[in-house]
Amino acid sequence: MANTIRASVIQSCTARFNLSETLDKFENLTRLAKERDGSQLVVFPEGFIGGYPKWSTFSCFVGERISEGRDEFVKYYNAAVEIPSPAIDRIAEVSKATGVFVVMGVIERDIGTLYCTAIFVDPVEGLVAKHRKLLPTACERFIWGQGDGSTLPVIAKKFQSFVEPTRTVETKISATICWENFMPLLRTYYYSLGTQIYCAPTVDSRESWESSMRHIAFEGRCFVLSACQFATEKDYPPDHPVADASNRNPDNVMINGGSLIVSPLGKVLAGPTRKPEDILTADLDLDDVVRGKFDLDTVGHYSRPDVFQLKANISP
Amino acid sequence: MANTIRASVIQSCTARFNLSETLDKFENLTRLAKERDGSQLVVFPEGFIGGYPKWSTFSCFVGERISEGRDEFVKYYNAAVEIPSPAIDRIAEVSKATGVFVVMGVIERDIGTLYCTAIFVDPVEGLVAKHRKLLPTACERFIWGQGDGSTLPVIAKKFQSFVEPTRTVETKISATICWENFMPLLRTYYYSLGTQIYCAPTVDSRESWESSMRHIAFEGRCFVLSACQFATEKDYPPDHPVADASNRNPDNVMINGGSLIVSPLGKVLAGPTRKPEDILTADLDLDDVVRGKFDLDTVGHYSRPDVFQLKANISP
Amino acid sequence: MANTIRASVIQSCTARFNLSETLDKFENLTRLAKERDGSQLVVFPEGFIGGYPKWSTFSCFVGERISEGRDEFVKYYNAAVEIPSPAIDRIAEVSKATGVFVVMGVIERDIGTLYCTAIFVDPVEGLVAKHRKLLPTACERFIWGQGDGSTLPVIAKKFQSFVEPTRTVETKISATICWENFMPLLRTYYYSLGTQIYCAPTVDSRESWESSMRHIAFEGRCFVLSACQFATEKDYPPDHPVADASNRNPDNVMINGGSLIVSPLGKVLAGPTRKPEDILTADLDLDDVVRGKFDLDTVGHYSRPDVFQLKANISP
Amino acid sequence: MANTIRASVIQSCTARFNLSETLDKFENLTRLAKERDGSQLVVFPEGFIGGYPKWSTFSCFVGERISEGRDEFVKYYNAAVEIPSPAIDRIAEVSKATGVFVVMGVIERDIGTLYCTAIFVDPVEGLVAKHRKLLPTACERFIWGQGDGSTLPVIAKKFQSFVEPTRTVETKISATICWENFMPLLRTYYYSLGTQIYCAPTVDSRESWESSMRHIAFEGRCFVLSACQFATEKDYPPDHPVADASNRNPDNVMINGGSLIVSPLGKVLAGPTRKPEDILTADLDLDDVVRGKFDLDTVGHYSRPDVFQLKANISP
Amino acid sequence: MANTIRASVIQSCTARFNLSETLDKFENLTRLAKERDGSQLVVFPEGFIGGYPKWSTFSCFVGERISEGRDEFVKYYNAAVEIPSPAIDRIAEVSKATGVFVVMGVIERDIGTLYCTAIFVDPVEGLVAKHRKLLPTACERFIWGQGDGSTLPVIAKKFQSFVEPTRTVETKISATICWENFMPLLRTYYYSLGTQIYCAPTVDSRESWESSMRHIAFEGRCFVLSACQFATEKDYPPDHPVADASNRNPDNVMINGGSLIVSPLGKVLAGPTRKPEDILTADLDLDDVVRGKFDLDTVGHYSRPDVFQLKANISP
Amino acid sequence: MANTIRASVIQSCTARFNLSETLDKFENLTRLAKERDGSQLVVFPEGFIGGYPKWSTFSCFVGERISEGRDEFVKYYNAAVEIPSPAIDRIAEVSKATGVFVVMGVIERDIGTLYCTAIFVDPVEGLVAKHRKLLPTACERFIWGQGDGSTLPVIAKKFQSFVEPTRTVETKISATICWENFMPLLRTYYYSLGTQIYCAPTVDSRESWESSMRHIAFEGRCFVLSACQFATEKDYPPDHPVADASNRNPDNVMINGGSLIVSPLGKVLAGPTRKPEDILTADLDLDDVVRGKFDLDTVGHYSRPDVFQLKANISP
């Protein structure tokens, strides 16, 4: 067990598209994970900074966009953050102050296009990488652009062993956002770079998400840390669309959580939780990755490069 | 003027997602273009086969799809055609019977994904090529996939001179669908292959469309033949969404036409028309292309390959 | 629902490595699936013909094989079948007599090497294809060879609609054996060929198998029909190794079943069953594949061929 | 509307190749734009300093140049300015005095070669950048050299909000001269750097220019500020060539104006004007850029980098 | 005889899976070969670094792996080395210090998979190449992955003549591990690249091994240097499996050696030795290779490329 | 042991290039093998019919051939047999009479060229196939031509079980002549066709031959039946060249025998014999092939077709 670190997934939500309030939430939750649970790494959900405009249509119809939708987009655009920017700096400061490595979903603004991005923030080095979602799903396609192959990092990070503090634990960390998790070639690419701590920020709160997370953990022989937003109507601006406009209620669930942590053998270590705000913490014994690779290494002894070859284009 | 052919753009619409009826329309309009105007090439609008589901949202919201939307998609999926298939065969038969070269927008079905495609049908050789739209716009992104670089044909086609029937007129034909016309790199690629008859099937019926067609004709030094759908509420199934559900009227305009033909010097030769069903015909003097290239050849003497290089990846 | 067929997965086991007895079982179960449930397609588990030598080690050690292991292999070799051979003919006869399409796991003998194979038997055309497992797992690697890219069929098969008998239902069928289901590139390849009825003969009877089958159904937007063996000690020869030799009991479970059928939206339609012998039957509405592809087509609109390219070498 | 600045395009002409007189005109017009209209940014036409020698041939023939032409070029050469130089300093002084940001077309002298250049002059920082026209058109090719990739700036500039003076408005400004506007790769490059205020100094006064400006605004989702010269025969030296030497008249139009301002959605905000001297002013709501990018970002979500890649060589 | 070098094969074993102790053994044996025998090249057995877990089963059964096996694998995984890594550096240092070229079997760790690898270490250039075993045998298949065609090096190396020190001897060196020696196509490939010093690290200590080494030397017209481990029970950890658990004895033989050196004409130059630790040294007259090729060059005049063609895929 | 046949290799020699006498020898030895040993298959050496002209040079020099050599060739030519021909008929009669399957080396005459051939004669079907040596060695090259890919048969033959006469034993038989045994691609080809009884008629009587036969048996997992000539000077015409013309002695050994039989696990079942005339007989348990393939099938599970591909051209 010496080869172990402690990690958490955070179930929470954006504060009504309000950046400063959301950063406060981030800071409080990160400090709590550190102080209460001793966590060394935390994963926040998809779009935690910037927000996930659930149930919006941005007044888009096939063949038409109207001005209301454009104005809504301006607001959403302004709620997003550039990378780097002061918001990212603040995240890095909290990471530094607590010593916690942060993986977080943010809405990134780059000139005219928004991206659904995950950032990796190191307590010592600050922002070390980002990953832009490759394929937005359905309506997301008219608010977010597509990332390219240049932001598919797998980060090498050394932690102090949680069990034997004098020992160093070497890990590799990646992030796959929401339905990217259903892209088998992307997953294979991450496996091929040796991901061990496979973070999955998401807003998919369906019951079946757990099945997929378990499958991926098993298939990739990696820890899966899936952080989902849990949000109710009161977590959105009062005029935000909801599932049933005739029945608005501050406590109606918008996004239903379901965050969980799974081991490389497919065992659920924590969660899925349905609490509005929750921190799930688990000890990740990195040797479990090796135990799992023993009989299944889909990018090593369990691949057939003579039959199937995956080519990745990682140029910008 | 000897180097001239006669061509038409067809302003019409899909018949309530009904394939057989729409094929009848196609046949009648093609025969009319031939018999009345002597046309040798006709261009039909975007999605003429399969239909353009204007004002639909397919019950998509950011973060949610519901079963009504999926069922609507099944219907739309079934209205699309495979390439090849009997519907394509019928188009080829009409082309053969009339001697008219056909460029037409169709919704193409390929295993699980639909594409917004333009087909090129030759009176002698039948289906010779297709082009899949590279980038659906906004809501279109959840009903159509993205084409790739392998379907960007510029077709070489020899016609009989309309003026001197014993003479052969050599042409090059391409198709760019709707807002693809706003992709400067795609246009440059077509220019670089020598397109002369730049067909632009569309459903963009805004007034400003004419400006873009004129610009493109001038920039590319090519004839632009833009065919737009004109459709009213009665051209859709009765339960189809409309702009204002409280004010349904069979004659309310859904798509407003605006088809036109422009010369390589940016002169409007015919249209824009706002008639519900119309055939615009013009004589295309291919020598005008040369005349235009004299002082502007954006892929030749008017390019700066030392500063800007365009690389196209046309592999599937 | 008109686009529906009815299909079954069979949970059963090989009869003590006895070919003729196992073929009798096959015939009885197939007839029952047809007569009782009206099934049009049945899927049998991995190694149903030939058998799965659970708990054997074939007296292999790292660096040594001893004669007992070689003799055990001779027996196992003789229990396997060639393709074609009289055993395959009998399967084809039953398929013909009942009108049931059969997908079945068999141990195939080819000169000196055994393969873990799935066969596809059509009521009219007889044996139409086979698939050899690409990668045996752990100990399987010293009893079975590796298949190559030439046996990765996706079979196009037209069935009579179960609901509207005058209508034809077009389907595509594939087979992926046991832990091949954890090979993301193989799955992607099958998706790219349009598999809709993804058969998964297996002997993996762990609880977590259900998660993976649900994930795959969802990821691939296909029906997953997983047939697992259920076997007890009495289903093996008396001298066959068992989990605990000190506690032999005819009713001790060797392989624990868990067969199930999942829809393209990840919903479990039948099972998982833990009965020793069971037939699970479900109606497969092929339109559900389209409903699913609407928002997820990992080999169409939800792929990123510019970033990831999968090359398959399917030459022998 | 808080994110708004006020800007003007100046329609005017060079004063008979007279530098000092032309600088006076510049100062007067800039002060007027500021004082009358409150303008914060002004765009002057192509070749405003140095002049556009319309109808000259510089006595060039295919295969021959004669001394008269050479002498004419000496004069034109001397009318041009170096960058920097006292003329540029004076422009900077006016900019500083008025607080107006200036984009202006000048004929630049660099040792033996002239360039058709646009300069960017900031009220605080003075001359901040220049752009040399990449490709002179036709006869221009024997009086001007070609710029290279090192002078393709997009300037980041913060203005005071015109509506809420306490607020800062961040903008990006570029310049594209005359028929450079028909170079799709150059435009794409500017889009890729985030241009929002796309200045288009020109002498193209054809009616169709408006179409192209509208197209570019829409395609690039930027404000287009096109300033054209308006000149009559009296604005040239008396011996300057004219369209019809047999019918010289001081009021004959040499260049016909047509300056205009277009919004990122393709709407004409001001002009086109045909007045001899005119200042067109409009409020530029920078949020309109975002509104436009919402559904069209040709260098972001509406590009296909997997299919088309633009490489720019910006080294000198 | 001037074209002669002196080379040794080392018969020894891994020190109880202990890396540092094994590296000490390596250093001592290499120094002895150099100082006592004057050797210029030494070959160490298969898996010398990392170890060969003879008689283990890693608790694998057909269809089952249990946690004891996984834990055993973690240990074995940790005993393996990455390439490069400090262990490889130390080997290079010894090579440099002694001037001896080293070919050695190591267990290589690459992300999740282990490989049975041979490394080539040059006194001047350090690690120059590696070869991963293409096909593990039987139980090895669940602990090691398969190498691919990209690690099949034949190294060109110039030695000082052992007989005439002023003269340079050009050689080509390859490595084939254990039962790879029974892969006729692999051998042919190495012959085709001109191997002259065919190293064969192994743990096959059967009496018949000598026959195969003689055959290969004759067939390939190369020197064969086969180094086998010799290990007793005391060379393994106390809890390591043995042939007969009821009769453990520190001196029981686990691997029986049999290292030898054969000339290109099939003559045994040294060995086979059955001593626990031994260094066999021979003078290799490279002219013997030519002498042998005179009447048998299986990749030249003694091949039939019109009838048999070998294609090698050496891409990764 | 039920899957067993009994087979013999014959060590003998041609009778002084005398056909009839040699056929008598054949008949006697075959009957003896049958009657004394119960043999069902016999293998005769290379060139048994026609003879092996050991020590001849046919008066060839580099650059010159003289008439004596030509005359010698005429004699040798006449001693050879056509296939078919009366000599072959006689062999078939003996095979029929005794029930023994015969594999025999013969010198075949085909118009102007001689070939070193092996024939396969079945007791029931007579001559069933022949194999022509692909590559004569050294001087053989001026007396024999090269066979091509069309005579590389592997014969399927059913024998009566020697142990349980009511049972049928299925076998596959091939022949590889002399140094063809050093052609790894040829051997691989035979392995790929499933040879189990690998006959090796030869005249290579070196001590090292045994090593190669053992290696091949092990590598190919087949029984190797190597029949070598044993001849003394008296077995040649009196004027035939000898090793030492100054020391002619009727009993001087010309070819030294060494026939042997090896099992698929590399174990020598009979021989090597050095007797002038000898019949070695062994029981071949075909299950040993399967036992051997269990851990080594160089053309099945122990091949790497992704890395190495062997293409055989078997057209005439």
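Annotations for the structure displayed:
Think of it as A, B, C, D, E and F in the order they're written, each chain with its own count starting at 1.
Note that a residue touches a chain if its C-beta (ideal position, glycine included) is under 8 Å from a C-beta of that chain, and two chains touch if they have at least 3 such contacts.
In UniProt terms, the chains line up like this: A, B, C, D, E, F = Carbon-nitrogen hydrolase.
In this text the structure is predicted, and so the values were computed from the model without any measurement.
With chains reduced to the mean position of their C-alpha atoms, the one farthest from subunit F (Carbon-nitrogen hydrolase) is D.
When the interfaces B-C and C-D are ranked by how many C-beta pairs touch across them, B-C comes first. Relative to subunit E (Carbon-nitrogen hydrolase), the most remote chain by averaged C-alpha coordinates is D. Interface residue usage between subunit A (Carbon-nitrogen hydrolase) and subunit E (Carbon-nitrogen hydrolase), two copies of one sequence, is largely distinct: under half of the residue numbers at the contact are used by both copies.
Between the CA-based centres of subunit A (Carbon-nitrogen hydrolase) and subunit F (Carbon-nitrogen hydrolase) the separation comes to 71 Å, rounded to the whole angstrom. Spacing of subunit C (Carbon-nitrogen hydrolase) relative to subunit F (Carbon-nitrogen hydrolase), judged by their CA centroids, is 47 angstrom. Centre to centre, using the average C-alpha position, subunit B (Carbon-nitrogen hydrolase) and subunit D (Carbon-nitrogen hydrolase) are separated by 36 Å. Note on chain placement: the centre of subunit C (Carbon-nitrogen hydrolase) and the centre of subunit E (Carbon-nitrogen hydrolase) lie 41 Å apart, centres being C-alpha means.
Within subunit D (Carbon-nitrogen hydrolase), contacts with two or more other chains are made by residues 295, 304-307. The complete set of chain-chain contacts reads A-B, A-C, A-D, A-E, A-F, B-C, B-D, C-D, C-E, C-F, E-F.
Contact residues of subunit E (Carbon-nitrogen hydrolase) toward subunit C (Carbon-nitrogen hydrolase) in the complex are 52-58, 60-65, 138-143, 203, 241, 243, 255.
Interface residues of subunit B (Carbon-nitrogen hydrolase), counted against subunit D (Carbon-nitrogen hydrolase) in their complex, comprise 134-135, 137-138, 146, 148-149, 152, 179, 182-189, 208, 210-212, 214-216, 218-219, 266, 295-296, 298, 302-304, 306-314.
Touching subunit C (Carbon-nitrogen hydrolase) in their complex are the following residues of subunit F (Carbon-nitrogen hydrolase): 194, 221, 287, 289-295, 297, 299-301, 305-306. Of all residues in subunit C (Carbon-nitrogen hydrolase), only 58, 60, 65, 67, 69-71, 73-74, 77, 110-113, 141-146, 148, 313, 316 touch subunit F (Carbon-nitrogen hydrolase) in the complex they form.
Residues of subunit A (Carbon-nitrogen hydrolase) that touch subunit F (Carbon-nitrogen hydrolase) in their complex: 304-307.
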